[in-house]
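Comments concern the structure below.
Labels run A, B and C following the written order; every chain starts at residue 1.
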């Protein structure tokens, strides 16, 4: 039990060095499944269940990564994943920016009630409406289409909430100035407000992209033709084939599937932290 | 050991406190503009979220096969759920998961957030590391863990080679399967809350802590008496969100155990999926979905009612 | 600048929606026959695309192949049949045809009107795809369930190559010898087709009876499962894994287990992946009571198909002697057409395969399917490991599954 602001130099340094080492160890242990995944992805199939276990095989089989693309239409899954995630994100950003602005800065009848409904749906898990949403897709003739993967989840309330929280903080003077410049409502929104919201939009974009990218249950339900419409999570399943689970390929495919989110995370981590905090995106 | 939160209300801002006061500053024509701006989102939300909730309720009152025409059966689906041992097991498993997962997630994330104080060097790197699994596909995470867990897999093989201990077959042993899933889920999920708590702790003013230390409080008491009450809004929000999402657990058991061994890891969402898409009883699946919905609403309501007792806003 | 970005984004979304709508996903278009099939890999895709090509040529329409992994295939089919989104040509497994016959078109009229020669097919294979005397699919492959074994491991353990018709006692003796060499004898599974076959071969226990009723509580089933559980306890069989349907194949291929239950359709894959010599024999049965199931797959037509004649023309080509011979040459499917079977033997590359297959074919009976077949498989994957691994009495587990199916 150390004092928070204890001034003692020597023992404290020692203690913090020990603590730091411990932290590094914990982080390594935490990372071990991922390290193990990378290791396995580079092993020859025969070495995967070797005893004693080794992190890496005798040789590094980089060819496994190429085999992922020849064994299954993995390139297609990647393209589908990007198409779905990017278009879903674009729609989400567009409608959320508009509605967030309307909730924060415009006065209209039914605003509070509408916003309350929006907030309430944030508590609603996607899984609850999976069956009726599927029936709806069937009625619309959208089963096994891109729009079924993209559209239904582009209107979740999170974006409106996030952007409203931001727009509320914009000083009113800016609005008045734009008025004087003769900008209309749309002009004010588009020329003044939207550029200001860029960081928040970036946060929303990243989270929306990742959510689409990782989504599993919904594609599982609406995609019939996995070979041509499958996304990454569905594609990963493909390696548990009838013909023996291809662990080395699954691991290589998993590594590939993690790359986009990992890169986004590392590149934008400062924004993401801010986004999580201001929006209360926690609790996943 | 102060379990009772300190009463002091401080100036620290509550970063994640959801509030609903906003300026409706525009006058005049903005009524139409407001409706117009909100309309695309509101219509989409209505069509793809509200309408399905309604359809679900409607369907739950029908015998609704995948193929063929539905027939009205009133509350029979709900009655069937009550008497269905599989449903009760799924309900029990889901609660078990929630009861194990939520506290563990909160303790780990709060602990790591406290540990990763601003004094830690390369704090950002650690944050990224612990956050990483939350953004990678759960399917990929679950697949890796399945391989770790299986007999002859990394955990078992390591234990055998270095300690000569034979590990249980985690995912095939009814006593272990749920625990294995919880451990994997905490590993993959605590990063979000850690970030939330970490930022909340950062915003605790130094002056408060100095004052406490002058009063002779050590780090432990300072944490319990000063920091915890100050970050209680974040705790509240994180707890609520974690509760809501943990009731929806599906992918981890679906990939790692398929609900087995026996029915020891069948969760509510898997029950819904199985009934709806494997057994093609869409009505029964919708009824189960509504039960899940009501449970989540209830738990959230309890959370909100209970918050007065322990959450301190500015 | 902003405006332009937004315009580009809007255009992109719009274009996407348009392509999505017309992206070949719609089933109704009149110049395309959609064909659904389980696809495990790009390799599969290539081969079946080729088969689809022969159908396209014959029907004068495009045949578009819609694939999903086997594990999800049946769920997908069940959500599609009976709706507008149903594929025209539906690949069916003999043991699942009862389950989907409601959504399928009886083919008898088409067979008659086109003069399709049913007699060229293995009689059992044809029958296995009929329900109540009506033909619902034309088989492309068939085959008795067999026991593949690791010739090298058997040799090392000093066990003579098992001849077709070997007995349970022979198997147990081999298992003991293998155990002495540190080898596990059998890779267990809880997948319906393979487990049911092993049980049936052991003592004639049927989990589904010939009329499609679930008969799990038949005492013989429990007896046979207890026998397997005994092997697991005795460490002469691997533990079953419900979440991974291919765990048994893996255990065999990587040399952990010396035998595995499989069909002729497995031989190509086993041979390609195993680093040892693969042998094949019949499933172990009591002396003088050799038994096994046969299962096969074929192509049917959905009721909602707008052009059944075109689809049947395609199916005729997809099951022609030429097509099936080429599949047989790949070692992919043991042809349901008797004339094409020689090609399979020639290319199987497993010594004694013909003798084994003949021995098994002579006694094989079609593996019966149930209307609840998919549920049964799902429940077996969930509950099966407990009984096969000896954690719970087989009788209790079977009763539990039975009661869940009863609802």
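In the analysis below, a residue touches a chain if its C-beta (ideal position, glycine included) is under 8 Å from a C-beta of that chain, and two chains touch if they have at least 3 such contacts.
Everything numeric here is computed off the predicted structure, so don't read it as measured data.
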Task: Please work out which of A-B and B-C is bridged by more C-beta pairs in contact, and write that pair.
output: A-B
- prompt: Which one of the chains is farthest from subunit B, going by Cα centres?
  reply: C
Field: Interchain centroid distance [CA atoms averaged], subunit A/subunit C, Å
entry: 37
- prompt: What whole-Å value do you get for the distance between subunit A and subunit B if each is reduced to the mean of its CA atoms?
  reply: 16
Query: Approximately how many whole Å separate the CA-defined centres of subunit B and subunit C?
result: 39
Query: Of all the residues in subunit A, which ones touch at least 2 other chains?
result: 49, 94, 134, 221, 237
Residue numbers of subunit B (touch at least two other chains): 255, 277
Field: Residues of subunit C touching at least two other chains
entry: 79, 83, 244
Field: Interfacial residue positions of subunit C with respect to subunit B in the complex
entry: 75, 78-79, 81-83, 102-103, 239, 241-244, 374-375, 378, 381-383, 385-386, 389, 391-392, 397, 400, 404, 407
Statement: The subunit B residues in contact with subunit A across the complex are 15-16, 18, 20, 22-27, 29-38, 40-42, 44-45, 47-53, 55-56, 59, 115-116, 119-121, 124, 126-141, 143-145, 147-148, 152-154, 157-158, 160-162, 187, 189, 192-193, 195-196, 198-200, 209-210, 212-213, 218-220, 222, 234, 237-245, 247-248, 250-251, 255, 269, 272-273, 276-277, 282, 285-286, 289-290, 292-293, 296-297, 300
- request: Spell out the residues on subunit A that touch subunit B in their complex, using ranges where they run on.
  value: 1-5, 16, 20, 23, 27, 30-31, 33-34, 36-37, 40, 49, 51-53, 94-96, 98-99, 101-112, 114-119, 121, 123-136, 151-157, 159-160, 164, 168, 172, 175, 185-186, 189, 210, 213-214, 216-217, 221, 232-233, 236-237, 247, 250-251, 253-254, 257-258, 261-262, 264-266, 269-270, 272-273, 276-284
Field: Footprint of subunit C on subunit A - complex, ascending
entry: 45-46, 49, 70-73, 83, 87, 90-91, 94, 134, 138, 141, 143-147, 150, 190-191, 194-195, 220-221, 223-229, 237-238, 240-245
- line: In their shared complex, subunit C is touched by residues of subunit B numbered 66-68, 84, 86, 146, 150-151, 169, 171-172, 174, 255-263, 266, 274, 277-280
